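Per-chain numbering from 1; labels A, B, C and D assigned in written order.
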Amino acid sequence: MDITPLDRNGMAAWCARDIPEGWLVNLGIGIPTLVADFVPADREVIFHAENGVIGVGPAPAPDAINPFLINASTTHVTLRTGGSYVHHADSFAIARGGHLDLCVLGAFEVAENGDIANWARSADEPVKQVGGAMDLAIGAQRLWVVMEHTTREGEPRIRQRCTYPLTAKGVVKRVYTNLAVLDLTAHGFVVRDMIPGMTLEALQERTEARLLSG
Amino acid sequence: MTGDARQFTATVSTAADGRATLPRMIDKFVHSMADAMTGIADGSTILLGGFGDVGTPTALLDGLIQQGARDLTIVAVAGGRDGSAIEQLLSLGRVRKLICSFVRPASLSGRLLQRGDLEVEIIPQGTMAERMRAAGAGITGFYTPTGADTLLAEGRETREIGGRLCLLEYPLPGDVALIEAWSADRWGNLTYRDSAQNFNPVMAMAAKLTIAMTRNVAALGELAPETIVTPGIFVNRVLHVPL
Amino acid sequence: MDITPLDRNGMAAWCARDIPEGWLVNLGIGIPTLVADFVPADREVIFHAENGVIGVGPAPAPDAINPFLINASTTHVTLRTGGSYVHHADSFAIARGGHLDLCVLGAFEVAENGDIANWARSADEPVKQVGGAMDLAIGAQRLWVVMEHTTREGEPRIRQRCTYPLTAKGVVKRVYTNLAVLDLTAHGFVVRDMIPGMTLEALQERTEARLLSG
Amino acid sequence: MTGDARQFTATVSTAADGRATLPRMIDKFVHSMADAMTGIADGSTILLGGFGDVGTPTALLDGLIQQGARDLTIVAVAGGRDGSAIEQLLSLGRVRKLICSFVRPASLSGRLLQRGDLEVEIIPQGTMAERMRAAGAGITGFYTPTGADTLLAEGRETREIGGRLCLLEYPLPGDVALIEAWSADRWGNLTYRDSAQNFNPVMAMAAKLTIAMTRNVAALGELAPETIVTPGIFVNRVLHVPL
């Protein structure tokens, strides 16, 4: 059986299904931002954006753009009924203070000790893209990562230990890739779901960390 | 064909988190004082909003007295005048420790303190507010010149920063915050009236379980976003107690 | 010539005259609170109260009391046009962050090194009345003190060194008493003004710290 | 007779404070860009509000370019896209140092950084906001777990608090803050529109000289007290720049 890895929307949708009503959720830039598109509008999930929006709603109609309302990716959004605004220090108080039920970030690598690396490919890289990821990663109640299972060159991104500079230590709880969903437990990565046709053996071949069956 | 997770029937359950997986509208209103007070354990630290009579959740304090939790640590601006709900908690022997910025000699807390019958921790008022903000904001410690040159610094860690002696202060989190709002909606978004904010928004951030009494109920969306002072994400339960 | 020491209102009025338009001012409880009554209503001085009121106005008419609007002494007040509200942490950020042009406090003692003692008469006193005085004293651009020149027993309160537990070190800039106005300079207390009939010698007799003529 | 200071003719002058002693209504509006920019010195640290294009005081940045101050330290969320006012300041060689949370490789700041032609300090975005709040709030230092386990902590002071490694962070004050508001009155009270608060209220607190451009002018009292986000006490100058 052929396997068809998920595309970006597929990964986002996979993640979206697992976000229960009532959670406060921050979505990082990139694929995580797409997650909101796959949460049904009638499911009350409150999305937080670092720039001080609590209750980010879907994109506006092209003729109804509010130029003063963007998300952390600087994309025009709407405010959900019940939403409100805070300034940047209070917005990160929400993140750092443990008020986010969930943060979903992209990453270069995650490791079986829960480490995440998502801001630089080497310690010497001059142009650093830290943004708010470190604050979000240490502060959220749960950190989920959405990323391709391997690099374009086929190198594993699910590692025993991260090889790139860390964003935070020991914080990752779950990973959605284009091939599988992995939970991080005290024993290491446990496979919770795989795309049709994928086997544990084939998945392990694409993974540096040891995988346990769920 | 592009992969699309919506085609899969298997769903990763989140029941392990102890959260309901069935969709359920957010509604933080509780409809009885008993429901508002459910689960407050003996030994809890209670953050108690208000300044003077303004913004003080007196009905919730009465509810706490009814509820029966004991061995409490109460955090409030002051030790309470005679006739206040704090005095009632104290007189019922339900308070193990009082954390506040001052105690009036002519009050039950003052008299208990003078007799050595009450543990009291006195904190400068601004430091008290900031320690609760730190708890809510994930700041694990901070330095302030407030009190560094005083008796309150005795035996504590200080550090000179920019030529100024500073005290190291730690967060002051609560198990429960009891606060009063002017208006609330089902998400728990709160507004306050005039000077009735005082400690309430800070305590809402700093407690694991924030219980608000509100004088008015608003439909979701009725409170203008720019007037919401405490976003509902900081609030767990709201009880309507009309003025 | 007989001397008539000022009463509480007289001290408050003396202080009030020296507060220029545009200042942000916190008035401590007791005599300092009276200072506001002697600032003409058309002089735009912004009074700050610790409980989060910026722009405290005069007392309301008895039939127009707003039960939700009090000052730090828990007295009913009004809000001046242009005034606003903040919560307690932000209110003390104003105090501690150096945004107050002036704080006026009462005191038990002040000393020629700028120390102030205003919260306990001994280290052993069980009932401590700290309140917000320590935050205000360290944070304001200027700290002025208004207090009786001596205790009821005639003991000096203007000291070489404070004998009571300190509120803050080296912060006092000016003292208004019922007898005189003293500025605290690098050389010590300088007499700026005295009530009619008072002489420098008579004032010095009632003062432990050395007084310099202005 | 009770003593009454009003009977005395002698007044203690406050001229020593360098403030006018004549009554003068508070009016923070300035009426030209030149007046808005007066006194910004070479070597200043400039806090620059905004996030993306929202709440960014572009007109004031243009004014700063006209004004001519050099050797500046710019504090902003990011290093600026090509075409932004930050890029223009950089291309004119007016920036000595950039303090921000990220730099895009495909931008002038990214290219200067790669060539080693620009000093850049990268701070996690939440820490950056909190350091400015600390500057405004008189907090002389604080601990946070953010970044403590990363390269950004190298050579810096850490401390374990509650079993968690934390970094010691110091305040980040500005000489000048340039911010954008939606509406302002003569006291300098400010409101913001929708997500245009972002860094602006925090920077207003953190600078010695806060200069706001406002899209709208309100009479004093016209802004409802509960909608004022930045009290005028944090604002020194306001320039009306209609949308």
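Here is the rule we use: contacts are C-beta pairs under 8 Å (C-beta built on N, C-alpha and C of every residue); 3 or more make two chains touch, one makes a residue touch a chain.
Values in this document were obtained by computation on a predicted structure and should not be read as measured data.
Hop distance check: chain A to chain C, minimum number of steps through touching chains?
2
Can you compute the centre-to-centre distance for chain A and chain D, using the mean CA position of each chain? Integer Å is fine.
That pair's centroid distance is 32 Å.
Can you list the residues of chain D that touch 2 or more other chains?
If we look for residues of chain D contacting two or more partner chains, we find 130, 133, 137-139, 144-145, 194, 225-226, 229.
Chain C: which residues touch two or more other chains?
Answer for chain C, listing residues that touch two or more other chains: 79, 85-86, 89, 92-93, 95-96, 138-139.
Pairwise, which chains touch?
Those chain pairs satisfying the definition are A-B, A-D, B-C, B-D, C-D.
Using the touch rule from the top, collect the residues of chain B that touch chain D in their complex.
130, 134, 137-145, 159, 161-162, 164, 166, 170, 191, 194, 224-227, 229
Give every residue of chain A touching chain B within the complex, in rising order.
Residues 4-7, 9-11, 13-14, 16-24, 38, 42-44, 46, 48, 54, 79, 81-86, 89, 92-99, 138-139, 142, 174, 178, 181, 192-193, 195-196.
Spell out the residues on chain B that touch chain A in their complex, using ranges where they run on.
Per the stated touch rule, the residues are 1-6, 8, 10-14, 17, 19-26, 133, 135-139, 185-187, 189, 205, 220-221, 225-226, 228, 231-234.
Tell me, which parts of chain D touch chain A in their complex?
51-55, 101-105, 110, 113-114, 116, 120, 122-127, 129-130, 132-133, 144-152, 182, 192-202, 229
Considering the complex alone, what residue numbers of chain A touch chain D?
Residues of chain A touching chain D: 49-53, 66-70, 74, 79, 85-89, 91-93, 95-96, 120, 123, 126-136, 138-139, 165-169.
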